[in-house]
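Letters A, B, C, D and E mark the chains in the order given here, with residues in each chain numbered from 1 onward.
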Amino acid sequence: MALLDVRDLGVVFKRKGTRPFTAVDGVSFSVEPGQTVGLVGESGSGKSVTSLALMGLLPKRGAEISGSVTFEDTELLTLSDKQLRDRRGRDLGMVFQDPLSSLNPVITIGLQITEVLERHRGMSRKEARVEAAELLDRVGLPDPQRRLDEYPHQHSGGMRQRVLIAIALACRPKLLIADEPTTALDVTIQAQILSLLSDLVSETDTALIMITHDLGIVAGLCDNVNVMYGGRIVERAARHDLFERSRHPYTHGLLQSIPRLNAPRGEPLTPIRGSVSDNIEWEQGCAFAPRCPNATDVCWSEPPELKADDGRMLRCHNPVALGDAVTEGAL
Amino acid sequence: MTDETVTTTGAPGTDAVDTDAGAETVGAETVGADVAGGDVAGGEVAGTSAADDGAAGEDDVLVTVEGIEVHFPIKRGIVLERTAGYVYAVDGIDLTIRRGETYGLVGESGCGKTTLGRGLLRLVEPTGGRVVFDGTDVSTLKGEALRTSRRRMQMIFQDPLSSLDPRQSVESILVEGMRAHGLDKGKQSTRARLVELLDSVGLPESALHKYPHEFSGGQRQRIGIARALAVEPDLIVADEPVSALDVSVQAQVLNLLEQLQQRLGLTYLVIAHDLAVVRHISDRIGVMYLGSLVEEASSDSMYAEPMHPYTKALLSAVPVPDPTVEDDREQILLTGDLPSPAHPPTGCRFHTRCPWKQDTLCDTDRPELRDIGGGHRVACHYAEDIRAGEIGRHEVEPELVHPDT
Amino acid sequence: SERGEDAGDANTMVFGAAGAPKNFDPIFNDDGESFRPIRQMYETLVAYKAGTAELEPGLATEWTPSDDGKTWTFELREGVKFHDGTDFNAEAVCFNFERWYNMPSAAAQSQMIYYGDVFEGFAENKGDASGDPVYKSCEAKDEHTAVLNLNEAKGAFPDAFGLTSLSMSSPEALKEHSADEVTQSGESFSYPDYANEHPTGTGPFEFESYDKSANTITLTRNEDYWGDQAELEKLVFRVIPDENARKQDMISGQIDGYDLPNPADYQALRDSGAQVMIRPTFNILYLGINQKNTPELEDERVRKAIEYAVNKEQLAKNQLPEGASARYQFVPEETDGYTDEVEKHEYDVDEAKRLLKEAGAEDLTLEFYVPTEVSRPYMPDPVDIAGAVSDNLDAVGIDVEMRQRPWNGGFKDDIQKHGKHDIHLLGWTGDYGDAGNFVGTFFGREKAEFGFNEPEVFKALADADAKVDDEEQKQAYEEAAVKISEYVPAVPLTSSPPAIVVGGDVQGLVPSPLTDERFASVSKGQS
Amino acid sequence: MLRFTVRRLLQAVPTLFVLSILVFAWLRLLPGGPATALLGDKATPERVAAMNAVMGLDDPIVVQYFRFLGRILTGDFGNSLITGDPVMEEVSWAFPATLELSVAAMFLAVLFGIPMGYIAARFRGRFLDNATVVTTLVGVAVPVFFLGFLLKYVFTQEMSLLPPSGRQDVLIDSTRVTGIATLDGLLTGEFDATWDAMLHLILPAVALASIPFAVIVRITRASVLDVQGEDFVRTADSKGLTTQVVRKRHVLRNALLPVSTTIGLQTGLLMSGAVLTEKVFAWGGLGTLLEQAIQQRDYPRLQGLILLFAVVFVLVNLLVDISYAIIDPRVRVR
Amino acid sequence: MSILSTRKAEKIDSLAEGGTSLAMDALRRTFRSPVAILGLVIVGLFVILAIISPFIAPKDPYRPYPELKAELTPSNIPGPMPGFLLGSDQNGYDFFSRLLVGAQQTLFVGVFATLIGVAIGMIIGGLAGAFGGWVDSVLMRLTDIMLSVPSLLLAISIAALLPGSQWTVIIAVAMIGVPVFARLLRGAMIAQRSSDHVLAATALGVKRKTIVFRHMLPNSIGPVIVQATLTLATAIIDAAALSFLGLGDSDWRRAEWGLMLGNAQELLSVKPSLAFFPAIAIIVVALGFTLLGESMRESLDPKNRR
């Protein structure tokens, strides 16, 4: 039984005076206990919105959520706000992208950790402080006792991200959602954080949803990868499958266009032409069609379905043939 | 495809494997192996590249930087501002860029890459050192002479939107530089030049009358590039030219830069924090740490055999979109953060985080950047010992860095 | 605290004042806001009959001049005590006269405006004072007879003996509280304790306190008063500088009365049940003419033209309180010296234009100085009045440039000391019932305000003033009035009755033409 | 914290110093110089000369300035031309009145402004929000003195609910302790006096509060909206904290930071408003002193008052900065 | 490929349409909001009225009329009568005409006070922003001090120095705005100075003057314009306050709302409309400018882009 089962999740933003905007559309995936699931895609592809929808953190007004999110037999989307708050932070933890702004600047780090412990684990202030210091120690913050009384601005980005991770893991959640936890950090710090995350997750058997645009991170961390484009999942596969034999022209294109440390030098990259703003709407066809080297008329008129294909899920009329490289110049 | 690359690892890599195998960690070994894979390809390109490691290019130096320093004063004060200290953003860097080559500069955020780039163009005033551009000492130029000298050195910025004046149409953005240097002679010729420029960066003529906000990120970066090209420069300093772009677009711009270099014989100083990007386009790479260069080598050599502990760590930290590589990768994890450039550590700037730190020299003497063979320069007292495997890695107690300024 | 009796209390009256008093020593004051509380605490030798400018006995029961008018003998009232318990007697009277005459400092002398006016000089003139003293000596003939010797006779006497400034103070208190120590720093004056905290007179009310933070002056009933005791136990003056605030406080019952309500508010006040009491008229508003700066104004025809141009009737009606009337001479109707014989230049635009043309002054441009930040009984709103006059002058082709100056911030000085103006708006409220107090003050000698030197006019007035006989004096002033009306040194405009307003339950207040209201007779009914 | 306070205090010194120079220069800028200003236009050349000698105006300007500085540092602003009292003494009588009025107004503005701003933000875009925004805009557009008139008209003339002017009923026999009428009553146990003083205080305080109130509402609203969208609020929500905790500890605390600065800046407006309000309500504070000084060109008093107002304003902003540093740890280090 | 090609064509067409600058864009965004439209309508009507009022005023606003004076006494100011829509003012002038013409004078005071404030402020701020260094320090200290005197006090202390005239009011009120504009412009300029596009221009070798005038200034002007709109509102109110304190214009005849309101204080019980109409006019106009300014500010705020 999956820990988390997302079925047909859709998020539509409606604001007066603007056209409704579908940010997430029919997203389905599931997460098993202890599993690490990746959600990759370029900026604006709907990764964050998906994660916020799972956590029930989207604004109450203006965002319409459809589909279902089952977490341990509980339907999260229909929970009342109060019930949801009981579970958030306890069963579901989340780490956000920007460690600089994700901590409250005017209260101490200690309080920001203990308040979760008090809330969900019923600890007293005192107990919570002891536990908080321990948590900080676990995420590798030197001299944790002193940190408790310090403020976020006294710490560097990497340290703050550790604090955030400590907070998210304070109640040993069953599921941790990490939304680009390292994007704002330097490579060396990123490596620290990623290794910390994967250690913590494997120690506690927590399931992890890793959201990132960096295919490299996914490649090293995730069991299963979902590639998103324009609010929909366009391809899902186990990571080896995905990286070694990507079928969707988008995934394929991405992989081709990233310069690699281990690739032969001097070989020109193969970019995807156009940019995300060239999308068409999914209702009209395949959102990727305007940029797709394989696009045919059907792509412009008929939205492709997400179908099982060779042990993976794929949303494409003209997938890349195995072993076939997509070749087309830029723009 | 990565599989194949790895399996066709050629002979030149063995050196690296050997050296690293001597080291205590297996991690370095693996990295070495991968690097070796890349090296083959590198070798292929090397023939076509202007910047072979050989001494042939030495006399064709375009820019020489000697001991450049940029120290930003930290102003404090009650009545009148006084200088309470300095941010040692760039602290004594020597470097040469040869005509037609691409010099890559990497380093963590805040280590002074941007400042070095700007100091080189005198967009910030260096507090020390010299920059010699094509024989002229730029650091002594003043006023009009400085202004006219700018024609030959241009810059591309990280954020394509904020580097374009939102109130100017593309046309006036492009014409401005030409006008400043008397390059716009007559309506017709200017127009033709504009169209040519746009064409060379892959934009339609219709773009001329539009404003920056009407373009996508990649297109804006193209405008930025066209602006730099408009004055027919020799050197272009590209400060993180692709880090604000989507991954899928980033490749377009990188390709464009390469094409332009080939067509126009440009010289680039490319600044980036993404090692893969730097490696992809650079002939030579300099690694910066806290305001100084810690290592400099040809792109391939750097990748094949990083000498400085910091470079090693940096290279090992880069995630590669290849599960196979990732699965066997052993990382050199650095502890702690980059120290504040206002209070750089004594001696070797890296000693506070260095897993190879020794009890002598490291915290007292600042290592010089020295050539340890084949144009590979490194600023580490123990570079040879580390290479030879005589010094082992050890744990480092993280030191907490309080961010200031 | 004992919650004080509120304004509805029958034994206390709260009266709204427009400004803070300077101090409480009568001799150093010259303004109404200071005089109002002083009048309740002090008395003069001669008093004015309530509601008139006629004389009646005050602290003196009788006053008799010698034939040459140079000696005045006062029979003093017996059994009068000062508030400090000392006796009022001839010694005390002479002490007061001697004190004034011998006032030691320039600062003090400069503040004795009325004394200077009446007695002209000091034993030793200091500072600005320059005249020859009229006062010679004072002897206490017996306990209750004081004899005042003068160097010359003055027509102003005996009326001037009733001036509030010349009130009798307790010699003991004066000595004790070093009353004469007036000092000046810059242009500001500091007054001694006597003037600030220990005013000691003989009047029906005694000084209790002046609370500068609450801006209230509290007087209490003098239980040992020689005459009819005051009805009120307590009399409070509360300073409310803002006109509107005074009105609203009145309407809402916070105060029991205030002085000089804005004519515009009469109706509203009456509607609220208050009594708007119109005083008998005893003032004059005039359009001053300065002959110094503009040669055309030396021409009688031009001055006459100006008078013809002004529609005084309309002005009285439009801009002045009810009961105001147009004036063609400076002496009020009720006062000896008023005559119908004067040349009347009634509103006549054509005549004005004709005269101007004749005088060749068709392109006349005049600087018209107008006071601001002030409201006087004869001109509630100077700017509006000046506006109407300007409109009139415009209509006959005189170009008027209005210059507004704050009353205390330069107007009086510009006019009376520097004569910067061509024409100006000003007026006069009589101090006592004597024609000389009006015309003499204005035209008796050369002044910066009018800038002319016309010996004929000066002489006529001097002669009139010197007459000791009442009937002769009257005649002489009438003749002078005719001369003045022909010469037109200034244009009399209107007289307006100032009003005082009290609550509907207030009885016994008699409005005085001299604004000399005494609150001793006032009582408050239960309402 | 102490260091911050001291540093901030020291920072105020040069401002006040230069201000004193300006005020000094200001009197010297008057046509004819200070002697003429003091003597009025009537000054004859001889009198001006005498005055100049008395005031030491013949000395070098620097000497004069330092003498002036010396005097004002000892609290000697000269004597008022109107009353002849030392300006400082006048101020000491009038200051409590203005303080009482301003504090009351600020109290009202904060007491109602912050909750209203918060509510408007919570109901962003709905009727309540729009109504609040428009109300506050109108509030800013109504001249303070006109609002005073209106209030007086309605509540005293038409409804006879409240006293129209003054600070206290004249006949209330109250003891002056601090000069702040509402407080004095409490201190001495004369509760009727306090009650009476409060009734007098209501209308002027409301009139004076109108603009700071409007501004506080708007700032609070904007600030709450800003903070609501901050990442750390999302973090707090993701921790499953109760709504109350999120709102109180995370949203409001941060949202109040800009509000507190505004409160400091508003004291300037408040003092300006006080001049007008005091006139309308015959309040008898510094504003009244100032108004008289303007009308009667009482330059020593004007000079003293302007300096005093500036000092108060600078001090209030100092206090705000310090309190800011107390709530916001980020400021302290700088 | 038919669909593909038409789509592409459409796409390019839509791109080619462009040519709208950011300012236009902000303006467009501004006028999507009803609040802004209301503000614009009020301001527009006011400006139009200010321009045409001397021509449409039924009577001469600067002359008394015998018909009005006939019934005029201090406690009775004639109300509406044939030919005089709102009756008389306290001087027997046609109140309605004065009210109309008042728009012009009020706009005059507001506009000039604002313009002078903007001009001086921009010179100070521009110098500080363009030069930086000690010029900046000195100038900013100066504005600090101006800001440390409460605004009305500042106006009062200036007005007290000058003889009472319309320009006194204008200058005094203008001074209130000076430090605000100076700081605003300086802040924006300094932000601009370190911005990438200015850096880019420097790198291109564009002359310093050109950079200041073509890049820094134009890009800094937005907040100044917004503030100027808001200042216009407060300038009108502050001018009225000066009149109320008796520091205003000494031309008794001038029909200016602030002055009219100040002069009508004592007449509230006789003819309240003399105070109410100017007051309401001031309030409405100030509200108009405020609405306009606020909505402009909101749409210029980068947070609200898109």
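Criterion: contacts are C-beta pairs under 8 Å (C-beta built on N, C-alpha and C of every residue); 3 or more make two chains touch, one makes a residue touch a chain.
Here is each chain with its UniProt name: A = ABC transporter ATP-binding protein; B = ATP-binding cassette domain-containing protein; D = ABC transporter permease; E = ABC transporter permease subunit.
Here the structure is a predicted model, which means the values were calculated and not measured.
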### Message
Once the contact rule is applied, which chains count as partners of both subunit C and subunit D (ABC transporter permease)?
### Response
E
### Task
Identify the chain pair joined by the greatest number of C-beta pairs in contact.
A-B
### Query
If you average the CA atoms of subunit B and of subunit C, how many Å lie between those two points?
92
### Query
Hey, how far is the Cα centre of subunit A from the one of subunit D (ABC transporter permease), in Å?
52
### Message
Can you compute the centre-to-centre distance for subunit B and subunit D (ABC transporter permease), using the mean CA position of each chain? Integer Å is fine.
### Response
56
### Summary
Check: subunit C positions touching at least 2 other chains come out as 244, 373, 406
### Junction residues of subunit B - those touching two or more other chains
none
### Query
If you look at subunit D (ABC transporter permease), which of its residues touch at least two other chains?
14, 149, 279, 291, 295, 297, 333
### Message
Quick check: in the complex, which residue numbers of subunit D (ABC transporter permease) touch subunit C?
### Response
38-42, 51, 55, 78-85, 93-94, 96-97, 149, 152, 156-157, 160, 163-176, 179, 185, 188, 190, 192-193, 279-282, 284, 288, 291-292, 295-297, 300
### Sites on subunit A touched by subunit B in the complex
42-43, 140-143, 153-159, 186-192, 194-195, 213-221, 239-240, 243-244, 253-273, 275-277, 291, 330-331
### Summary
Per the touch rule, the subunit C residues reaching subunit D (ABC transporter permease) in their complex are 1-7, 9, 12, 14, 20, 22, 185-191, 211-216, 236, 238-242, 244-246, 248-249, 251-252, 254-255, 373, 406-410, 413-414, 417-418
### Query
In the complex formed with subunit E, which residues of subunit D (ABC transporter permease) make contact?
14-15, 18-19, 22, 26, 29-30, 133-134, 137-138, 140-146, 149, 153, 267-273, 275-276, 279, 290-291, 294-295, 297, 302, 305-306, 309-310, 313-314, 317
### Query
For subunit E, which residues are in contact with subunit D (ABC transporter permease) within the complex?
35, 141-142, 144-145, 147-153, 156-157, 160-161, 233, 237, 240-241, 244-247, 261, 265, 268, 275, 279, 282-284, 286-287, 290-291, 294
